[in-house]
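We just call them A, B, C and D in the order they show up, numbering each chain from 1.
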C-alpha cells in the first residue's frame, strides 16, 4: 500500500516537472517574439493647456517663469507621463531646443540665465514614460549626446525611446509624435527695482525702526524715560570691585566669532563701558581673543576707555592678545590662562558655541565670579547653569546701552519695547482669529487668519 | 551630617572619574541586549528590505570625526546590509570628511567573512564620488545631472569611466537614498530639495542633537525611516541582526556604545539625585540651627 | 604601517595630555596646549591664505586687472576695494597713521549691522511671530505626536500650569495687584472651578490645548524681556511665569544635549582602547 | 574729522545700503550681502597678519625674557611655523603647488590628521565631563526657578534612555500598575516638554534677540553707539 502511494506521488511530481519545463519554454519563446518587434510605439499624450510664459517677478533679471495646467494624462493614476520637456527658441516657428525638464505633476518651470531684453518663445512637451528596454549602448548614446548636447537634460531611457522612433532624434519634436503645447511668447526677462514680496517685511521693519528712532529722538530732547534694572548688569560693577579688592585680574572673553557677528560687536561695546570702570579701579584686564580684527577693535576700545578715565599711561597693548582662530585651540589656551592666573572675575560676552561650558566650568572651579551673555539659544542653558549671572539674548544687546546711561542709547531700548508690544498684539489678534477659525470651521475667519499669517511669513 | 556636607562639596574630579569609568568599562563587556525597535528605525529597515538586488542606492555622508561615534555604527550596519544584499552603492559627501568616513565603513564591512572584497568591483558595485563643496546647491544641481557636480570620483577617475555611473543621470535613476547627517548641510536640506523637488525616497541617520529637527519630516512621510543618535544606531544593529543576522555580525559598536552611554547617563542622574538629597538634608539642619 | 603607528602614538599622547587637565594643570597639558595653539594658528592662516586670499581674491582680481590693461572693464575689478581695505587694516603697524584702520573697521561694523538687522528681522522676528499665530484650542487629530491618552494628560498638565500661574500672578511675592484678598480668592476659585470643569470636559471630549501653553509661554516670555516697566503687579507675575518658561527651555535643552556630549567622549575612549591599546576588539 | 566723522559716515552708508539692498533684486544690489561677506573674508586674511604677528611677539618675548613656562612658547612657535610652512608651500603635496592645500599625503594633511584632529576631538570631548559636573552643581532645588530647571532637565534625561520602560516593566511585574503607567508616560512627557513649553521659551528668546539686534544695529548705523571706534584724538 505504502509503495503504491509512493509511486503515485513520484508520478505526480514528474508530471509537475514536465509542466513547469513546458511553461518556461513557452515564456522563452514569447521573449524572442518580443525582440523581433523593432519599433516601440511612443504613446501620444495630451498636451498641456493654458501654457503661459512671463517675466519672473521680483528677480534680478535673466529669468522667465513658465506656467501651465497639467496634461489630462498626467491627472490619471497610470503614470504615463514621466516629465515635461521645455523647449525654447528665439523665433516663434523653428529652432526650438531643449532647455530643461519639469517633473510630472509639476505645473511650472523657471528658465534661468537668459539674456535680458531678448525675445524668447517656449513650447512644453508632455513626455511619456518609456516602458521598453534600453537597447542603446553607451557607445551609441555618447556620440548622440555630443551631436545634440541638449539631450543631456533627458535620461538615458528617454533618449533610447526617442532613438527607437528615429535615429534622427530631434525630429521627434517636429513630427507631432508627442503632445506638444502651443508656442508661448514672445517674452523678455527684466530685472526689478523692488521686491514686492518683501513689502510686508518692509512695513514691519520700518515700524520697528521708526519707533526706535523716535524714542532716541525723544530721549535726546530731554524726556525722562523709565527703564527697569537688570540684575546681571548691577553685578558687573560688584564683580570688578571684587577683583580689585583681591588684587587679581579680570578675564574678558568676547566670544569666538569675528566682528562680522553682531554679538561680538555687542560684547565689544560692553567692554568699552566696563573697561572704563576697570581703569578707574586700576584693576588688570586680560583679554585673549580668537580673531585678529577683534583684537584690533578691542585695543582701540580699551585705549579709549582708559583715556576717558584719565589714565592713558596705564593702558598697554598687551592687555589684548591673539591666540588662535581655532575654536578648541582657543579654549585650551583660555583654560590654561584661567588655572594659572586665577582671575577673580570672568566675563563671557559674545557669540559662543560648544566651548561655553568648558570655559564656564573651568572658571567655576577656580572660584571666579562669572558673568555671561550670549544670543546663542543653544548655549544659554550652560551659562545659566554654570555662571553667576547670565544676560539672556536680548539683554546682551541692551547691556551696553544700559551701562552707558546716555539718554539716546536708553531711548533705543524703549523703541525695542514697542517692537515687542507690536509682536504681542499681533500674536493675540492672530491667535484669536486662528482659534475661532479652528473651533467654528468658518472659511471666512480662516481667510482672515491666513492673511494675518501671510504678513509674517517672509 | 558631615557626610552630606562632604558630598555637596565633593571634588568634581570624582564625578569625572565616575563618568570616565561609566563610559570605559562597558566597552570591555560583551553585551547583547534586545532593544525595542522604534517605528522609525523599522521604517528604515523595511525600505531597505524592499529593494531588489542591484537597485541603486545613494549614500551621502554628511558628518566628520567628532560625530562619528554616533553615526559610524549606523553607516557600518547599513553598509554591511547593502553589500550583502548586492545593492549598487553610490557614496558622496557634503562634508569634506564624509567620504573618508564612508571608506571606513566599506573597509569594516569587507572584514565580514560573508562579504568578500573580491566579489565587489569598484566602479561597478560601489563608487565613492567624494566631497563636493556648495551645500544644498550640490543637491540642487544633482537634480539635473550628477555629472555636473562630480566630474571625477574620490580617487580621480572620470565620471564616465565608471560603469555604474554611466546608467545614472540624476535622482530618477536612484532607487533609494540615505543620508547620515550631523548638522548643516544635512537631512533638512536633502528633504527640502531631493525629496520635495525631485521625489527621492530618503532614509536618514542623525545625531541625537539633529534628530528632533527631522522627526516632523518622518511624521509627514518625507523621510521613510530615521535612526537618531546612539540609540538609533543600536536599534539599527538590532533590527538587522534580528531579520538578517546569522552570517554577518551586525551587533557592533552601536550596541556597545549604547550601553556606555546609558550607564554614563545613569551616573549623571544619580549624582543629580544624590546632590538634591544632600541639599535637603543639610538645608533642613541649617534651618533648625537658624531657628535656635 | 610604521608611520601609521607613530601617528597613533602621537595622537594618543596628545589625547591623554589634554585629558590630564581634568586632574590638574601640568606640563603635559601645557605641552599639548602649546602645540595645539601653534598648529591651529598656522593651520588657519594657511587655509585662509589659499581659500580666501588666493581663491577668492587673487584668482578673481588679477585676471580683471589684466583685462583692464586690454581696455575691458570687468566686474571683478571691484575686488580692488577689498584689497585696499585689507591693506588699510595693516596700517595699524605704522602708529602715526594707524587710525586709518578704523575705516575698514567701520565698513565691517556697518555691513554687519545692516545684514543682521535684515536677517534677524526676517528670520527671527517676523517668522517666529508668524508661527506663533496658531489656534490655542484645536481638535486633537490635527496634532501629530499626541494621541488620545496623551491629550487628556496633556490637558491636565495645561490646566495645572494655568492654575499655578494664575495663583502666582494673584498672590506671588512680587505681585501687588490692588485687590482685596477676598476678591482675589474669588477670582482664583472661579478659575479653579473653570479649570476643573475643563479637565472634566477634556476627559469626555478631548480638546487639544497645547496651543494655549505655547501662546502663554511666548507672551509671558516677551513680558519678561520688557525693559520699560518694573516687574511688579500683573506685569511682575507674568514676567515670573515667563522666567519659568525660560527655565523649562534651559533645563530641557541641557538635558537633551547630555547624551550627545557623552558620545563625543565615547569616540575618544574608543580611540584609546581600540586603536591605540588594542585591549578591546 | 578723518579719524572720527568719516568712519561714522562709512558705517552709516554701508549699513543703510545693505539694508536697502535687501529689497532691490536689481544688479548690483541683489548680491550685496554675499559680496560683503566676501569682502570681509579678504579683510580678515590681511588682519591675520596682525594677529599672527601678535602671537609671535608674545611668545618670542616670553622666550627672550625667560618668563615662566617659556619652554612651551618654543613649542607653540615651532608648531606655528611648521604648520604655516607646510600649508603655504604645500610641502609634500602629491600635486605640487597646484594641488589642494588639504590634499591627502601632504605634510599639512598628515599634521592635521595625527595632531590637530585628536587635540580638537579631545578638547571637545571634555564637555562630557563638564556637562556632568555642571549638572551636579546646578540642578538643585534651591528655589522655584532652579526646581523647574531641575525637573525639566531630569524628565528629559530620563526620557532619553531606555530606563523608563525598564522601570515600568519592573513595576508591572511587581503588580503596581499605577507606577508602571506613570513610567510608561515619561517618553510622552519628554516629547511634550520639548514640543510645547520648550518651544514657547525658545520663541520668546528668539523674538527678543531679533528686537535686540535690530535696535543695536540701528544704534551702530546711526552712530549713537561708537565705542568700537576708539579715541577721538591723539
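Assorted remarks:
Assume a contact is a pair of C-beta atoms (placed from the backbone, for glycine too) under 8 Å apart; a residue touches a chain by one contact, two chains touch by 3 or more.
Here the structure is a predicted model, which means the values were calculated and not measured.
Any chain touching chain B that also touches chain D appears here: A, C.
If you average the CA atoms of chain B and of chain C, the two centres end up 23 Å from each other. Centre-to-centre separation of chain A and chain D, using mean CA positions: 18 Å.
Taking the mean of the C-alpha atoms as each chain's centre, chain C and chain D sit 9 Å apart. Across the assembly, chain D contributes 22, 40, 43-44, 47-52, 55, 102, 117, 119-121, 123-124, 126-129, 131-133, 135, 137, 139, 149-150, 153-154, 157, 160-161, 194, 202, 205-209, 211, 213-214, 216-218, 220, 228-230 as residues in contact with two or more other chains.
For chain B, residues touching at least two other chains, in rising order: 12, 16, 19-20, 23, 65-66, 208, 212, 264-265, 268. Residue positions of chain A touching 2 or more other chains, listed in rising order: 205, 208, 260, 262, 265, 293, 296-297, 300, 323-326, 328-329, 332, 377, 380, 382, 384-385, 392-395, 398, 413, 416, 419-420, 423. A complete topology is adopted by the chain contact network, contact being made between every pair of chains.
Here chain C touches chain D in the complex through residues 6-8, 10-12, 14-15, 18-19, 21-22, 30-53, 56-57, 75, 78-79, 81-83, 85-87, 89-90, 92-93, 99, 102-111, 113-118, 120-121, 124-125, 128-129, 131-132, 145-146, 149-150, 153-154, 157, 161, 210, 213-218, 220-222, 224-225, 242-259, 261-262, 264-265, 267-268, 271, going by the rule given at the top.
By the touch criterion given at the top, residues 100, 103, 138, 142, 152-156, 365 of chain A touch chain B in their complex.
Those residues of chain A lying in contact with chain D across their complex are 58-61, 191-195, 198, 202, 205, 208-209, 212-213, 216, 258, 260, 262, 265-266, 268-269, 271-273, 289, 291-293, 295-297, 299-301, 303-304, 307-308, 318, 321-326, 328-329, 331-332, 354, 357-358, 360-362, 364, 375, 377, 380, 382, 384-386, 392-398, 400-401, 406, 408-409, 412-413, 415-416, 419-420, 423.
Chain contact summary for the complex, chain D toward chain C: residues 2-3, 6-8, 10-19, 22, 28, 33, 35-36, 38-53, 55, 69, 72-73, 75-84, 86-88, 101-102, 108, 110-129, 131-132, 135, 139, 144-146, 148-157, 160-161, 185, 188, 191-211, 213-214, 216-218, 220-221, 228-230.
Put simply, chain D touches chain B in their complex at residues 102, 117, 120-121, 124, 128-129, 131-133, 135-137, 139-142, 150, 153-154, 157-158, 160-163, 165, 194.
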